[in-house]
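One chain, chain A, appears in both complexes that follow, with chain B as partner in the first and chain C in the second.
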Partner chain A sequence: MLAPAFIVLVVLLWTGLGIAFVRASGVYPAFGMVTPSGIFWREVLGDEAFGPSLWLTLRIAGLSTLAAAGLGTALAFLAAAWTKPTWRLRLLLQCPLYLPHLVAANVVILTLGQSGLFARILHLVGLAAEPADAPRLVYDAFGWGSVLGFALKETPFVAVLVYPFALAALATYGPVARTLGASLGGILRRIVLPMSWPAVATAAVITFAYGFSSFEIPSVLGRTYPKVLSNWAYELYTNVEAASRPRAMVVGLLVVGGNAVLAGVYFVLAARYDAMLTAIRAGKTT
Partner chain B sequence: MRTWRAALVHAALAALILPVLPLLIWSFTEAWPWPGLLPTTFSLRAWRVAADADAGFLSGLAASCALAAVVTVISLAISLPLAELLGRGRFRGKAFVEVLAMLPLFIPAFVAAMGLHETLIHWGLADTYAGVALLQLVPTTPYMVRSLATGFALLGTRLEDQARTLGAGPWQVFSRITLPRLVPAIVLGSTFVFLASLGEYLLALLVGGGAVRTLPIVLYPFLASGDRAISSMGSLLLYAGPLVVLLVIDLKTRKYV
Partner chain C sequence: MRLFLCSVILSISSLARAETPAPDAAWDQTLAKAKGTEVVFSSWGGSDSINSWIDKWVAPEMAKRFGVKVKRQPYKDTVDVVNKLTSEKQAGKKADGSIDLVWINGENFKLAKTAGVLHGPFTDQLPSFRQYYDAKAPDITTDFGTPVDGFEAPYGKAQFVFVYDSAKVKEPPRSFEALRAWAAQNPGRFTYPAPPDFTGSAFVRQVVYATTGGYAQYLPKVDLELMAKKLPAAWSFLNAMKPHLWMKGETYPDGQPRLNQLYSDGEVWMTMGYSPTTAEAEMAKGTFPKSTRTFVMKEGTIANTHFVGIPFNAKNVEGGKVLANFLLSPDAQISKFDPKLWGDFPALDPTKLTDAQRQQLESIDLGISTLPVRELASHRVPEIQPEYLVQIEKEWAKQVAQKKASH
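For the complex of A and B:
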């Protein structure tokens, strides 16, 4: 009964990665390569595109995670403090959560591109005469478009993960704290925030991992050089040059390595997440 | 006091979804020259393209929905036994099994797809919907397992034990007790898997090799080319249609929660 799940979750994934590793190490019979070597690893790590690509990837993942974690946590706290858990609230949280990556990228083009709504509003208030005067937020060297696209996509995700913590902490300790004279701001800062950290941290790790490996948003909103690692891997993979394929596997495996580390952090935090939520609901946290 | 604060939170949440509005306007736009805040001419051009069979948008949407439905059903079927084990079982090595089951959430499946490509060609699965479905199962199934395992954990075993004591057979217990009680977990897991498969682009591109024409594959070139009326229409097809259906399902199954 467990075999099909095992085949999908373990056999397919790890066989695929295993073959990718063999190809990356120079054994690629389809292209006449049969001797293992570390040359493709050295080539990728020594490539002048590697540093800029890694830095761009880290920048996009890091900044979008910061934005989404901050905004999402604030939204979750305010929602828990000021509203009741109604279906309307859930609807508002879920609609942006379901935004496909390609659609999020399109939304960024239409709103923040140099002829988008933001630029037109800048024109209205006299800050941009021509589209070229508006800040370049899409197809830019820094990667702002991707940062904002991921932030738009992940903010509701953080809010959804943090919300039950904020709600439980407020329900369990809110009345006592109020009786003792605490303000709402004080309660959120001194009680809800320290109790919600497993949720905030879990959400941030997942968000960072997605930003680090995701393909669509930077592919639509990014430049041709430098590319984020996943886009670079795809570019190499579709290149006609035979030696390009093993390099594509190397870049892909570097993304896998980064995400494997993040997964390790996630599993440690996830155990805390469940234990903490149960403890808060039972009123047992000191 | 309470009311305007609640309204503020709702407004802040709505602001996250507000950027979607330009999609709607653009999809009906013929011309929207700089620096106007609204289009100068409207037209149904983009929606006529949507209705045009040769453009591939409607068939793409149908293909995406069918693919997502197949992936969801298979994912549900293969996840049930594993989720029951993780949700209700107590055994040595459970944490390890959990890690193995959740890792595909983090490990980008496109790297595995690159590694498996020759094998997929050998099996006749490259450039087919079946191949794309198989690879899409990898990153989506952990959502289903996680959601069902929580469902099983909350369900416990008491009700099923009672039914068995009263003489119910295994199938009766499953169909009358277990399955109806798992509906919220099934809906939640299915929603995630369905949407993840629906919007998925890279695996459909890598494994599908151009022969698989899902909506994201049809839409992507228009995002790059800058025909904003068409790309906005395609984005709405991909986002709004399925969203409405899923919200209705969510509303209908709320009574179980």
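For the complex of A and C:
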């Protein structure tokens, strides 16, 4: 049943990766480059732009994941606890998912940029002498603009993933817990949160992997230097110098590698968590 | 069959109306083959005026005159298209490509020509090219020093201009030295797009011309060592200006559209670009203040020709040729020149036009913000070879973008 999907995935993924490795070794027949070498890996890893780029990418992916996981989980719990699961609510939660990342990035500029809504309001109420004097949240050195952009997009994503878990946990154990005298806060903390962990963790891993490799948001909200890894790869790939393309492939492969490590860690932790749950259940039945 | 005959007759009659001097059987065949097809035109998408000229003027005219449907496909940077074609070539996709005509020039043309991803030579087959163009003029036969060899057809001419708001800037700085002083007196009000964006790259190239003793020394041959020796002067100029730029030079706009947006918002008081009439079009749309004007540096500004080429694997080569031929025709070149539509300077040779056509061309009002054609012409400097471009862009990243601003 899964064979066609599996074959497509394996063929596309592994041949794609294979070609990327070949190109990263500098083999580009169209530009007359045919001898493989490791020089492009050394060039990228030794480039003074590499460290700052990696650090910026990790910072943006990490902080936006923390924000999205926290806010998204809270949003899902609120929705599960205080409203009925109507189609309107689902629609409300899902709607932001259809907002393209590019649009989210421009929303951040229009609201938080130096000539954006936020700056103009600060100027109007007299907190900033000129709109341009408002605090700098876009194109900033730290990467707050990108963190906000990702958080804006991924919070609803986390909420949509966590919501069914929270709802099921509440429906199954909520009434019992309540008759036993538990408060709503207690129920959310001690029943709903532990039962939602798998969804929260999965959503967080996907969010991080996305933030680590995604292009649009940091491309619009980021600085000329340093650039996040994906933007740096694009800059190298679109350079008119042919020899710049293998370097782009190296950066792309480093992004893939980072995500592979993350996925590995996640699978190990998930397996341990499952084993722990099985052990608890086994303990209860005996 | 009847339909086919009809179409041949129709296309021949439309050709007759276009005043072609000699019958051209091969071209008639091209027209007949192209009729009823769709042609995909890959074009820089960063300007609303250009996009709407293609969608609202070129496309309907092509449908009406030749029965060809034009589909515009925007790109952010021409190199994206060259990369795509190169990947397709390496993957063995020799036919059935997704682009039939691409707007291209300069370093991207050189890259595409080197990689062999352009169809051609084809320009000699275009009646418009044979009739209205000076096939021997240096700005038609070469593109940034690369021989064109018939692999791209001249689409228009561009000259770099600076754009300023005359309500805020009483007297624009008409030299690079004056620009540096102006930036220091008006902190945060000037910036330029980060190379390798083509507008930013052109700005930096002009700084290189101005601070290293002019362009002439680089023209005879590519001498990267000479350039390397000269570049530090340009970097010290730009780094001295850096703390006074928008955002204190800590970051730069990623292209002309973003810089124009900053100008529209009043964050910066100057912008720049390769089109001498750009300000006119933006004022007409209401995005630029009515007090917008343009100027050129006393050192001169870069002028170049831009072209259209046909990809090696174009699905509709005939359609690509018919569109190219139409874009090169006096009708399209004159329409394109109107700043209310686009304002791109014609690439054709005005002396080859009929009197009526020449009058039509001369009667176009270039608007209050466009410099007189004579002033532009007397401030024209050429492009240098693509190898220099790569070197300058790379060094700019290291010596300017990655350097902390000095205080």
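Here is the rule we go by: the second predicted complex is superposed on the first by the 251 of 286 C-alpha atoms of A that agree within 3 Å, B and C clash if a C-alpha of one lies under 4 Å from a C-alpha of the other, contacts with A are read in each partner's own complex, and residues count from 1 in each chain.
Going forward, contacts are C-beta pairs under 8 Å (C-beta built on N, C-alpha and C of every residue); 3 or more make two chains touch, one makes a residue touch a chain.
Computed from a predicted model, the values in this text were never measured in an experiment.
Student: Just from the overlay, do chain B and chain C fit on chain A, or is there a clash?
Tutor: On the shared chain A, the partners clash.
Student: Identify the partner contact of A:Ala49: answer first if only chain B is touched, second if only chain C is, both if each is, neither if none is.
Tutor: Second partner only, chain C.
Student: Which one hits more chain A residues, chain B or chain C?
Tutor: B
Student: Quick check on the superposed pair: does A:Ser115 touch chain B, chain C, both, or neither? Answer first, second, both or neither.
Tutor: both
Student: Please indicate which partner A:Leu127 is in contact with in the superposed arrangement: first for chain B, second for chain C, both, or neither.
Tutor: Neither partner.
Student: After superposition on the shared chain, which partner residues are touched by A:Val240: those of chain B (first), chain C (second), both, or neither?
Tutor: second
Student: If you stack the two complexes on chain A, which partner ends up touching A:Phe31: first (chain B), second (chain C), both, or neither?
Tutor: Second partner only.
Student: Once chain A of both complexes is superposed, is A:Ala275 in touch with chain B (first), chain C (second), both, or neither?
Tutor: neither
Student: Taking the superposition as given, does A:Ala171 touch the first partner, chain B, the second, chain C, both, or neither?
Tutor: Neither partner.
Student: Can you tell which stretch of chain B collides with chain C among 111-119, 147-155 or 237-245?
Tutor: The overlap with chain C comes from chain B residues 111-119.
Student: Name the residues of chain A shared by its contacts with chain B and its contacts with chain C.
Tutor: 30, 115, 220, 237
Student: Quick one: in the complex, what on chain C touches chain A?
Tutor: 77, 79-80, 83, 86, 89-90, 107-108, 110-111, 114-117, 188, 194, 196, 247, 250-252, 254, 262, 265-267, 386, 389-390, 393-394, 397, 401-402
Student: Could you pull out which chain A residues touch chain B in their complex?
Tutor: 1-2, 4-5, 8-10, 12-21, 23, 30, 75, 78-79, 82-84, 87-89, 91-96, 98-103, 105-107, 109-111, 115-117, 119-121, 123-124, 128, 130-131, 152, 155-156, 159, 206, 209, 213, 215-216, 220, 230, 233-234, 237, 248-249, 252-253, 255-256, 259-260, 262-263, 266-267
Student: Once bound in the complex, which stretches of chain B touch chain A?
Tutor: 2, 5-6, 8-10, 12-14, 16-17, 19-20, 22-23, 26, 34-37, 77-79, 81-82, 85, 99-116, 118-119, 134-135, 137-138, 141-142, 145, 195, 198-199, 201-202, 206, 216, 219-220, 223-224, 228, 231-232, 235, 238-239, 242-243, 246-247, 250-251, 254
Student: Considering the complex alone, what residue numbers of chain A touch chain C?
Tutor: Against chain C, the touching part of chain A is residues 28-32, 48-49, 114-115, 132, 136, 139, 141, 219-220, 222-225, 235, 237-242, 245.
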